[in-house]
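Dropping the structure in here first, questions after.
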Amino acid sequence: MKVLYIAPVGSDVYLPARAEICERAGNAGTAIDIVSLPPGRPTHVEYHAYEAMVLADVVRHSYAAANKYDAFIIGCFYDLGLREAREVSGRTVVTAPCQASTSIAMALGNTFSILVGRRKWIPKMTENVRMYGLEHAMVSMRAVDLGVHDFQSHAESEDRLMETGRRCVEEDGAEVLILGCTAEFGFHEKMQDELGVPVLDPMLSALKYAEMLVEGAQRFGWYPSRKWGSEAPPEEEMAAWGLFDREPPTGTFIEAGSLASRSLAKKIPAE
Amino acid sequence: MKVLYIAPVGSDVYLPARAEICERAGNAGTAIDIVSLPPGRPTHVEYHAYEAMVLADVVRHSYAAANKYDAFIIGCFYDLGLREAREVSGRTVVTAPCQASTSIAMALGNTFSILVGRRKWIPKMTENVRMYGLEHAMVSMRAVDLGVHDFQSHAESEDRLMETGRRCVEEDGAEVLILGCTAEFGFHEKMQDELGVPVLDPMLSALKYAEMLVEGAQRFGWYPSRKWGSEAPPEEEMAAWGLFDREPPTGTFIEAGSLASRSLAKKIPAE
Amino acid sequence: MKVLYIAPVGSDVYLPARAEICERAGNAGTAIDIVSLPPGRPTHVEYHAYEAMVLADVVRHSYAAANKYDAFIIGCFYDLGLREAREVSGRTVVTAPCQASTSIAMALGNTFSILVGRRKWIPKMTENVRMYGLEHAMVSMRAVDLGVHDFQSHAESEDRLMETGRRCVEEDGAEVLILGCTAEFGFHEKMQDELGVPVLDPMLSALKYAEMLVEGAQRFGWYPSRKWGSEAPPEEEMAAWGLFDREPPTGTFIEAGSLASRSLAKKIPAE
Amino acid sequence: MKVLYIAPVGSDVYLPARAEICERAGNAGTAIDIVSLPPGRPTHVEYHAYEAMVLADVVRHSYAAANKYDAFIIGCFYDLGLREAREVSGRTVVTAPCQASTSIAMALGNTFSILVGRRKWIPKMTENVRMYGLEHAMVSMRAVDLGVHDFQSHAESEDRLMETGRRCVEEDGAEVLILGCTAEFGFHEKMQDELGVPVLDPMLSALKYAEMLVEGAQRFGWYPSRKWGSEAPPEEEMAAWGLFDREPPTGTFIEAGSLASRSLAKKIPAE
Amino acid sequence: MKVLYIAPVGSDVYLPARAEICERAGNAGTAIDIVSLPPGRPTHVEYHAYEAMVLADVVRHSYAAANKYDAFIIGCFYDLGLREAREVSGRTVVTAPCQASTSIAMALGNTFSILVGRRKWIPKMTENVRMYGLEHAMVSMRAVDLGVHDFQSHAESEDRLMETGRRCVEEDGAEVLILGCTAEFGFHEKMQDELGVPVLDPMLSALKYAEMLVEGAQRFGWYPSRKWGSEAPPEEEMAAWGLFDREPPTGTFIEAGSLASRSLAKKIPAE
Amino acid sequence: MKVLYIAPVGSDVYLPARAEICERAGNAGTAIDIVSLPPGRPTHVEYHAYEAMVLADVVRHSYAAANKYDAFIIGCFYDLGLREAREVSGRTVVTAPCQASTSIAMALGNTFSILVGRRKWIPKMTENVRMYGLEHAMVSMRAVDLGVHDFQSHAESEDRLMETGRRCVEEDGAEVLILGCTAEFGFHEKMQDELGVPVLDPMLSALKYAEMLVEGAQRFGWYPSRKWGSEAPPEEEMAAWGLFDREPPTGTFIEAGSLASRSLAKKIPAE
């Protein structure tokens, strides 16, 4: 199965690490490509205006790669564009980190906490959890005062996540922890060893969730609904406007995973 | 006070009518400018992918006109980009049709129904009402099977709205009706005369709501919060990326309202 | 436009100050009258039994002045009698401080806190916020341990509001603050200067909200619904019982605002 | 135990029937007095303005009879004044028909419907059910188009209740029915025989609920809380205002039940 | 009336004390039998797996004693088996401690806290409160770090309950306290004397609630619904499977209360 | 990976079909064993009392096979014993049909309907969906008036499911359909072909969800939480009571799937 991880940022700083992690994490038959946006796009989307500036690109990638991949993963814990990208994804299933990791959390315990970077993120992420119907199970969302680009470079990252995670468990009653940023990779194993509760890495959650959805699609025909609110826009209208005439803006493109034939990469040239 | 109505579509077909309506509807001191997007952008945003394609433009207009206007109105009942536009609006308040009309509805009755165009729109609009916390008061959302561009051209528009509105009142128990599309203008007066309940035009609701917010801002300093989730992105970062270096893409720009000096128009040249 | 502010208390101690504030705060065309109840009525309504003792008077004023004013404001953050007064207000719109300020808060930020006087008030005010559907956005309601009549006379009022407001912002994550008593006037400007978030005075919120509703009524015919739960009682029945035969009990009556002809005052003589 | 049923209306038309029913329905040791308001008060409270006109009287009776009775029942399915009356009831517990019957319904089945008189009543009664937290269990609230004074005099009352109740069960999935007006007495037995589900008479529900609360109070000291929102107003303040100096306005007073010594009646003379 | 208290544990250590308390607490006409499970069953059900091991026995007792008792009380604050036992209880009403005490709490105050033994219990008990629709009124659930069998034997039990109850009232705003375990008996009186709020013992709450339901059943025919989700399984099917052929496993059986003829005890022999 | 499907019924009538379906549906590396309960246990669990009679067996199988399998699937759309079985499952993850299929539905569309057998099932299944936080997305739950054992034998099963599914889509607005019984297998493909929306078979959903959870467990250490409400009971206590001394009662045991070495079967002998 072929999965496209769409990193909605104009930065490839985390891409090689992501590729390596995904390569190890994917199933035997899973090939994961990772694509980022070109320079000039925001290098992170902590602000909602930044999300707005890259949303169209996420949809462009979704439209361009629809039916060419089995699944898309939207690489941001805001789950930005999940609804919009799925609308034009054809038979390609789409998931995102918050949706996937909260779903998994509910299967592993009664309550969870989310560890985010900045307090900035909390209102929208809280709203997303409420939108997903899981606010009753989220006992806290706590910020560690680190930005997207701090997690992998800041000496204190691990200490802060560990200490804040401990408070979520001990003070707030969390039975499961969720790392609320796709840049919070590399921490979950040590955290769960030390804290004694499952700690969900959102990128890995999304990958496994995507693989499950693809299984459903391939074996049972469970493709995204195209009815009512999920109806796709008419092809003629999009063509008339030339809405997706240009190739989707692409920064770096990395092939990970283990699939033998990788002809797909050519389909998505850089801008 | 100066209000900018941002029509997030690459079409100016409704703009002259809007301008005329707004001119009559605004307060004595209210000047309303209306701006649309250039050709090539979707001429309606019934589909979420279309929303995605224009969201950045909404934010661009918000950023470019921040502090130059007193209020922005986002001209779509999906309230698209409300959060994102407000983030970069500086001291300019921002509102949108669904937020404004549901708020007014709650002051006029106990329950309301929303009359939308197509069933396509229902899931996201229902989610928005739920996000605003008002699902307990919405007794129904019904579609009349007309698209954005049908309302003003379809012979049956009024009949369908009238008949569906009657069902909302009589069968569903609505005490107030909301027209769920900014293209549903020109109908509310006859409908409320005949149906005997207030019928809210969302563009007009948004205009009055905007005027109220501006009053609060000008007199009492109630500008948009810039704390936590409402924090604006840092200017340096946006500048470094050149995020808003270009003028916002503009289709038609119309000045409505009664303000004497209208120097602002020059600030927003067409693309 | 003519607005009647109904102070549901048998005390005029705050009335001159209110009048002065309203006079400055109203729009150019807004005339605001303020009426209180006669001595012997509770001088504050912190207790629900006190609310009960003045509720009929609120309704009496609403019935007596229906259609003579454009809007009524119920001068208590419990929003006491909002439903009941609106039922007999004819074409006069009715609003109240909690409804108005929470609505405005939702347009300025993602979250809010309410600063009330005593813990006594918290359960009912919390219930009101829940009834309005906004409990998801209220991150805290905190009491400053001051009664209605303490706010303007207590040396520490400002300090306590400032300190408690700071905790709401910093500890609870409030992006907007609401002062939860109409006696908490005179504080919002300094608070927002110092705390850096909008601080909503509930009387001023209600005034601006009322002006908006009147605009809707006058221009678009958006009068209070009279359907289903909003149906008014039959005139004959009220007349047969002599329900509103007596003039509404009136304490002090003050004209504020800027409207030229003020013939209305004669209509509401003291008891 | 002594229970006071407060009929918040200026009409005694149903009082003898109520007394007879209560006499049969009360426990061996339960004495039930029924008090109504004097002529001139609304003879029914279908409208919220009417509720407002009698609310103070409900509180006056509560204050006057506090600690003299073991329980008060507020005789209206709007549960009008439940909060306010309980605030000044001292150690007398207070209940009301909607609270009591919905609580009992939840113990007898998974879902319930409420059969009200007019559609007028539905929004407020729905809000009450939501306030009590039971909207998830209420599968419908249906009106039979009869007013308070129609139920006992209308030839079709039983037929309409039966037919509407059947629809609640068969179409809406109700497992329990609640009669949503204290004037809907005399119907429940035949209805439940025919419809095969429990049909709760709200007056009887309230009586049994009151007896239970009195048991808790007398045996275990479970009197109404007087903490935080339940704090009673200070006696000195009420005395200074003369708030409850006059006897509560009384229409008819009937003693029902089986208690031997009935000296209490003298305490509540007619107005 | 005859009430069966089903202690769903293989331990009779608390039974004599329960019997004595129930004997004092029941109404004049109430006879309370208490039955426990035989040795080998869990002696407490703090863990959900333990609940699972005794649930069938609860249902067996319910089926065996259906219509022979007027009410069953399920003796565990998890309200374990309430739905299941009621399904086969015939005309016997069924209640349980959490359902009963939260219902009573809502009649005595605006908010409540629950004092449980261990943090282990919190997620499921919180879910139960949410299922009952009362999460809006529960301001906290706090554990005192004592197990079921510690409450009556631990020197610090009273101190911990008192101290934790005080925090619930003072810090969390509870107006009513609920003891969240049927083993927390013997504490409520001293607690409410000292803390000044009603403190509900769950066993006593359930007893009074059961008596109320029996009153409704006996006088008004309000037996458990047998419609839709409350439909009982078909007798033939149960007989064919021999589902309830054996007597329900019984440990100790104690007769409490004051009913003269106690022939029922013979009906439920020990296993 | 090894998955144990626990059919909580004393019937093996569907087991061969299930085995065949699972064998085809599982991943290459997935071996699925299916175990049922011995004769005498209910052959279906449509009634909650029947659930009660088999719950302990579900837990016994969970305890006995803990850590020997990678995942358990509880084979009933009531998700019976999910919480209880997971408590003693050690490192074995546990899922169930309703949890799995509603989670997948949320990834494929905005709304879903559930097609159940009898109206009997609706209240509890509705409560489960509410418990999972997804009631906002469930637009309807409809019964086709077929019992568990009718689906595979009734001539009209397919017609009824098709017709009812069509109403869910067309009238209720469902974008995804869920078959609400594990006996509704064999229908989903034809239904989705004809109705044009994804139709989720709950057994297959659970299987894929289980495989995803196992991936998380094996690769990332995401085992079930053992903290707070998820804490397992102490081994010593269970041993002292002999709680799980006996082998779990077993009816038929079938090995499906493709795993080479199948030594596990011996571990779970028939009763």
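Lettered A, B, C, D, E and F in written order, each chain numbered from 1.
Just so it is clear, contacts are C-beta pairs under 8 Å (C-beta built on N, C-alpha and C of every residue); 3 or more make two chains touch, one makes a residue touch a chain.
This structure is a prediction, so every number in the text was calculated from the model and none was measured.
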Relative to chain E, chain with the most remote C-alpha centre: B
A-E compared against E-F, more contacting pairs: E-F
Equivalent interface to A-B, taken from B-C, C-D or D-E so that over half of the residue contact pairs match: C-D
Separation of mean Cα positions, chain F and chain A [Å, integer]: 28
Centre-of-Cα separation between chain C and chain A, whole angstrom: 46
Shared-contact residues (touching 2 or more other chains) in chain C: 83, 110-111, 119, 122-124, 127, 130, 135-136, 173, 175, 228-230
Interchain contacts (touch definition) - all pairs: A-B, A-C, A-E, A-F, B-C, B-D, B-F, C-D, C-E, D-E, D-F, E-F
In the complex, chain A residues that touch chain C: 119, 122-124, 127, 130, 135
Chain C - residues contacting chain B, complex: 25, 27-29, 83, 93-95, 99, 103-104, 106-111, 132-137, 169, 173-176, 188-189, 192, 196-198, 200-201, 204-205, 208-209, 211-213, 215-216, 219-230
Of all residues in chain D, those that touch chain F in their complex: 110-111, 136, 173, 175
Interface residues, chain F side, partner chain E - complex: 10, 40-43, 46-53, 55-56, 58-59, 63, 81, 83-85, 87-88, 119-124, 127, 130-131, 228-233, 241-243
